[in-house]
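Sharing a structure here in structure tokens format.
We call the chains A, B and C, going by the order they appear; numbering starts again at 1 in every chain.
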Amino acid sequence: MSQLLQAVIDGLLIGGVYGVISVGLSLVFGVLGIVNFAQAEFLMIGMYVAWFAWAWLGLDPILASVLSFAVGFLLGAAVQVTLVQRVMRAPHVAQIFLTVGLLAVLENGALMLFGSTFRSVQTPYQASALKLGPLFVSVPYLLAFCAAVLVSVGLWWLLARTWLGRAIRATAQNEMAARAFGINTGRIYAVALGIGTGLTAFGGAIILPYATASPAVGTQYVVLMFTVVVLGGLGSVMGALLGGLAVGIIQALSGFVLPIQLQNLAIFVVFIALLAFRPEGLIGKARS
Amino acid sequence: MIRALIIIAGVSLAAWIVGSQLPARSYEVRVLCLILLAASMAQSWNIIGGLANQISLGHGAFFGIGAYASTILQLSYGLSPWLGALAGMAAAMLAALLLSLPTMRLKGPYFALATLAFAEACRVVANALPMTGGPQGVSVPFLGDSWAMLQFRAPGTYLPVFIGLFALTSLVFALLANGRIGYQLRALRENEDAAEVAGVATLRTKLIGSLASAALTALCGTLFAQFTFFIDPDSVFSVSAISIRMALIAIVGGVGTLIGPILGALAIVPLEEVLSATLSQYIGGIAPFTFGLVLIAIVLLRPRGLASLPGLRLAEGGRP
Amino acid sequence: MSPRVCVRGVTVRFGGLIAVNDVGFEAAAGEIIGLIGPNGAGKTTLFSTLVGLVRPAAGSISLDGARIEGRKPHVIARAGMTKTFQNTALFPGMSLLDNVMTAAVVREDLKSARRTAEACLERVGLRKAALANVADLTFPQKALAELARALAVKPRVLLLDEVMAALTPAEMDEVMATMRSLRDEDGMTLLVVEHHMRAIMRLCERILVLNFGRLIADGPPSCVSADPDVIRAYLGQDHAHHA
């Protein structure tokens, strides 16, 4: 019983981070209508930014996550202006292959720049855990989870309470109408993609205390991120956050049934089944 | 159709003439074989990816199934890869059927994602199963030059095999593209509702295309295993090295056309070889990095591929 | 003998909205029936439901006595009922001939499908444009191409959704002559949605009127145009002067 509870706790803590990593993907789809296959590469970029901040400046990754967000934001906005903008009205094939091409460029660009070395950080709390009766709460998981919750609240505030948030939602709903109200939708698209990739990069930084950075780390998260957002309803921000928790728990619990090598299989099966039976998502409402 | 036959015969003959001039153990003849293999893989993908525009990012699943089926049957039962290839094709068709049931109605990015997840699932399972040899991979035992066991010391001896593979995949593509199925696949690609109302059984038509595509991809996988003598899950089920590369070659050359995969393979494989021969030991990742750039450039500058370059217009296949 | 088309109690819902509400009518072989109603009355939805693109929430549809509601569109097309699309839904990457052939290759081999397609194009007067890419056709030509493709299905019941929308009066006369010949020579049943009131009144011996998803009138043009419900719902608006 306590094993089960332990798995649920770990799953929730990790899942909260999955939510933040994936919410950017959902935001990008919701606003731009683009499925960004390269999104997970920004996780990798965020990890490297935080790693270098730690190695050169001695910054803790949780703090360096601000830097990661900034770099992710700028890169994402630049990608929107230079590349994605040109295929927004193009057929799906063009959109898919543009972002798949970007995935290859970013992953292998990182390989060329940083080599294939695995990089991790040392933090004072790395191996510590809080003891709650028979249960343990890993400190790095907990810190990452708290950071994720903080940023989720921030994102909610931004979207719900600020002019920028209203402009983003208006653009997502009806670009023409938003333009008619004087919103510079071109800029909104760049900001939305920037926020989306920034959040994923932020997620890369906060997991660095318990995860290892490498150029290929993004590909490990591609299907996972898509499972989270499809579970929550592509385009739904709240859905993605809840979807993250659900995927975290599924992953933790599948450890009881499946051998460790097959741990991700549960995610793939859930994902294909979701696409087949409820592509509009279980939680949120998909954008039509 | 006649033009398609001329193209297939011409390319096969050219490959034969060039290949027979090269020493059987040379690097160049090996590259020629790899070009033919790449063109065959892209042509197999092109049946469903090009004619129906169902963008699969998971054809590595069928490639890996073909590679493992023949290799495992040979290791366990001494079965000839000729028969192993048939078993692999049957297994891949079964896998395609299983995958099609839940994904057939999906479109665009949803279909791409589902196929990608399927190939990843196959890779994870292959890494975990005892009979695949796990992450260490398996080797095809070398028993000496033999047509019965389809294995040779010199790459040049494989040339007729790969020419045959190329001719077969291209012929199947041309027959489907120019036949009744081709009309229906293109129609459902353009507008599924209108195709249905015109009497096209869209799901069944897509299924036929998927099965043919999966079977030919598995055949490519078997021949790849025979050619390289070694396979492991991470390389034969690879999303980037197999699945995306198949699509990339078709897209670069011209998606949905007969000539597209040929042009794509002629452009990509030599580039790949040059990059990995010259630069890879200094800068890892330069080849896939370049392909990413090529893909982006093609999408932005020439969305219809190399086949749309002026002067190559006559090559626009897929239409009688 | 059962009527060619028999529709009973058909209701279509989109979420909470009732697009078609308890509609019922029969159509005999060789009838040309007009279907009119204000915008949003449910005409196109009713057509989509008849050919199987939309699944009705309730009701039955039969074609020559066989129940077809809920079947796939291609099954219904092969059973003999098809439609044209309101704002045209041709296959843009293909030639006009290939577009029309698609409907014929479903049953026939390529050679005979080509003959069928050419005959259909001849019938709508587009034979000369056969090899053009459909993207290069004018809008009226596209509407006629829709008609040709539907004819290649060899239907017994043909639902025409505003094929005459962009035609000149002379072209309209030609299309109406084609429609009559489809009835007279091929025994086809035609259901026609059209906004040109005068054309509808001349072409059809019977008219159905839809309003807010309900069938509010069914009868010969003279009766329908005198029906007070119809005048209030429809003819009272911008088309009153045509009546």
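By definition in this document, contacts are C-beta pairs under 8 Å (C-beta built on N, C-alpha and C of every residue); 3 or more make two chains touch, one makes a residue touch a chain.
None of the values given here were measured: they were computed from a predicted structure.
Taken as a contact graph, with one node per protein chain and an edge wherever two chains touch, the assembly forms an open path, each chain linked only to its neighbours along a line. The central chain of the assembly on a C-alpha centroid basis is B.
Note: centroid distance chain B to chain C, computed from Cα atoms, is 44 Å. Our note on geometry: chain A versus chain C, Cα centroid distance of 49 Å, whole angstroms. The distance from the centre of chain A to the centre of chain B, each centre being the mean of the chain's C-alpha atoms, comes to 32 Å. Residues of chain B in contact with two or more other chains: none. Listing the residues of chain B that touch chain C in their complex gives 179-180, 183-184, 186-187, 189-191, 193-202, 319-320. For chain A in complex with chain B, the touching residues are 35, 37, 83, 86-87, 90, 92-98, 100-109, 111-112, 115-116, 215, 219, 222-223, 226-227, 230, 259, 261-262, 264-265, 268-269, 271-273, 275-277, 279. If you check the complex, the residues on chain B that touch chain A are 53, 55, 57, 99, 101-103, 105-110, 112-114, 116-118, 120-121, 124-125, 127-128, 239-240, 244, 247-248, 251, 255, 283-286, 288-289, 291-296, 298-300, 303. Taken together, the chain C residues at the contact with chain B in this complex read 51-53, 72-74, 77-78, 82-83, 85, 89-95, 98-99, 101-103, 105-107, 109-110, 113, 149-150, 152-153.
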